[in-house]
Amino acid sequence: MPYVNIKITREGVTAEKKAELIQGVTKLLQDTLGKNPQTTVVVIDEVDTDNWGIGGETVTVRRKQGL
Amino acid sequence: MPYVNIKITREGVTAEKKAELIQGVTKLLQDTLGKNPQTTVVVIDEVDTDNWGIGGETVTVRRKQGL
Amino acid sequence: MPYVNIKITREGVTAEKKAELIQGVTKLLQDTLGKNPQTTVVVIDEVDTDNWGIGGETVTVRRKQGL
Amino acid sequence: MPYVNIKITREGVTAEKKAELIQGVTKLLQDTLGKNPQTTVVVIDEVDTDNWGIGGETVTVRRKQGL
Amino acid sequence: MPYVNIKITREGVTAEKKAELIQGVTKLLQDTLGKNPQTTVVVIDEVDTDNWGIGGETVTVRRKQGL
Amino acid sequence: MPYVNIKITREGVTAEKKAELIQGVTKLLQDTLGKNPQTTVVVIDEVDTDNWGIGGETVTVRRKQGL
């Protein structure tokens, strides 16, 4: 019954990679905590790099700096 | 003063249906808990079916299986 | 399959009221959007009045002012 | 190490204003709580006015009423 | 730089299990999407069974039914 | 009308500091984006150090290492 929300920057992750991530986190919750995979919900939010900040700067700015 | 976040898959819900949902949940909080509707905030997030997983699979895959 | 998160201030809501709220919001999503109630998840967060602000003030302060 | 999520309506905020907001909230957490700005994460969600409700109405409807 | 929020019911998960979950999800994001583990943030919320609903019922009620 | 959620580790922040943070972030949204402070909502979540991970480790472990 767990609910997992994963936020990542929107930088071209494929549907296949997202499916792999959903499968992996569902299995991890089963293996670690014994949670039923049938009722595990995973929601991935992809966030524009202008809207994500770390260290007081947007990721857009950091990418231009090669970070 | 409640804050409600509703996450649903992005599958063509109309603006009218979303308005109805916002009205309904605001009224429910008033009727059930006596909350002031004027300060009740409701935010609906529509999530791509590639980004929503249940049972370890994306909703995109489940829709193809008729689920 | 919807996921609903309801945040309210922690001010003595009973388990019965919370159960009523969960039932109500699940039914509302079924009636409004045709969502399957069996997979609708509702999570209620109760937040201390010191940790909730509106209008730049905490709810603790507002309660003392009779708001 | 704080994580801040800011939800606003999607009404044309520029990248510059978002960068300013990220910088400001990061500095505020440093000044108020002594948090390390290098590990402060800020995520801004811009929400369609059809998907944001207050007072039981969508912001789309309120904007038409001049609110 | 990903941010992951995991919500589970509060039913006695140990600190060791939570550490294992944090390690696992951080590694998964590195292996699947190439994310830098040093800046991956994971927050676990443990929610009272009275405050978690599925199928229109609280988990408290479901646990009494052996679900 | 913005909604701000701030997550910090639960490490003894006083009610006064939380009130200052709420006031500051409300003012910042007014100054930066012209948002009405009367309808700005701020919710602070304090998270146990066992439940917060960064770099694949819990904050509890990192605090013991002097990080």
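Just so it is clear, A, B, C, D, E and F label the chains in written order, and each chain counts residues from 1 on its own.
Here is the rule we use: a contact is a pair of C-beta atoms (placed from the backbone, for glycine too) under 8 Å apart; a residue touches a chain by one contact, two chains touch by 3 or more.
Fair warning: this is a prediction, and the values are worked out from it, not measured in the lab.
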| item | value |
| --- | --- |
| Minimal step count in the chain contact network, chain A to chain F | 2 |
| Inter-copy rotation, chain A to chain E, in degrees (Cα atoms; steps of 5) | 180 |
| Homomeric contact chain E-chain F: same or different residue positions, threshold half | different |
| Chain D-chain F separation of Cα centroids, rounded to whole Å | 14 |
| Rounded Å distance between chain B and chain D, as computed from the means of their C-alpha atoms | 20 |
| Centroid distance [mean C-alpha coordinates] between chain E and chain D, Å | 26 |
| Chain B: positions in contact with at least two other chains | 1, 3, 7, 25, 39, 41, 43, 45, 52, 54 |
| Inter-chain touch pairs (all) | A-B, A-C, A-D, A-E, B-C, B-D, B-F, C-E, C-F, D-E, D-F, E-F |
| Chain F to chain D touching residues, read off their complex | 1-9, 13, 17, 20-21, 24-25, 28-29, 31-33, 35, 39, 52, 54, 59 |
| Chain D partner contacts - residues on chain B that touch it in the complex | 15, 18-19, 22-23, 25-27, 37-46 |
| Residue ranges of chain A in contact with chain D within the complex | 7, 45, 47, 50-58, 60-61 |
| Residue ranges of chain B in contact with chain F within the complex | 1, 3, 39, 41, 43 |
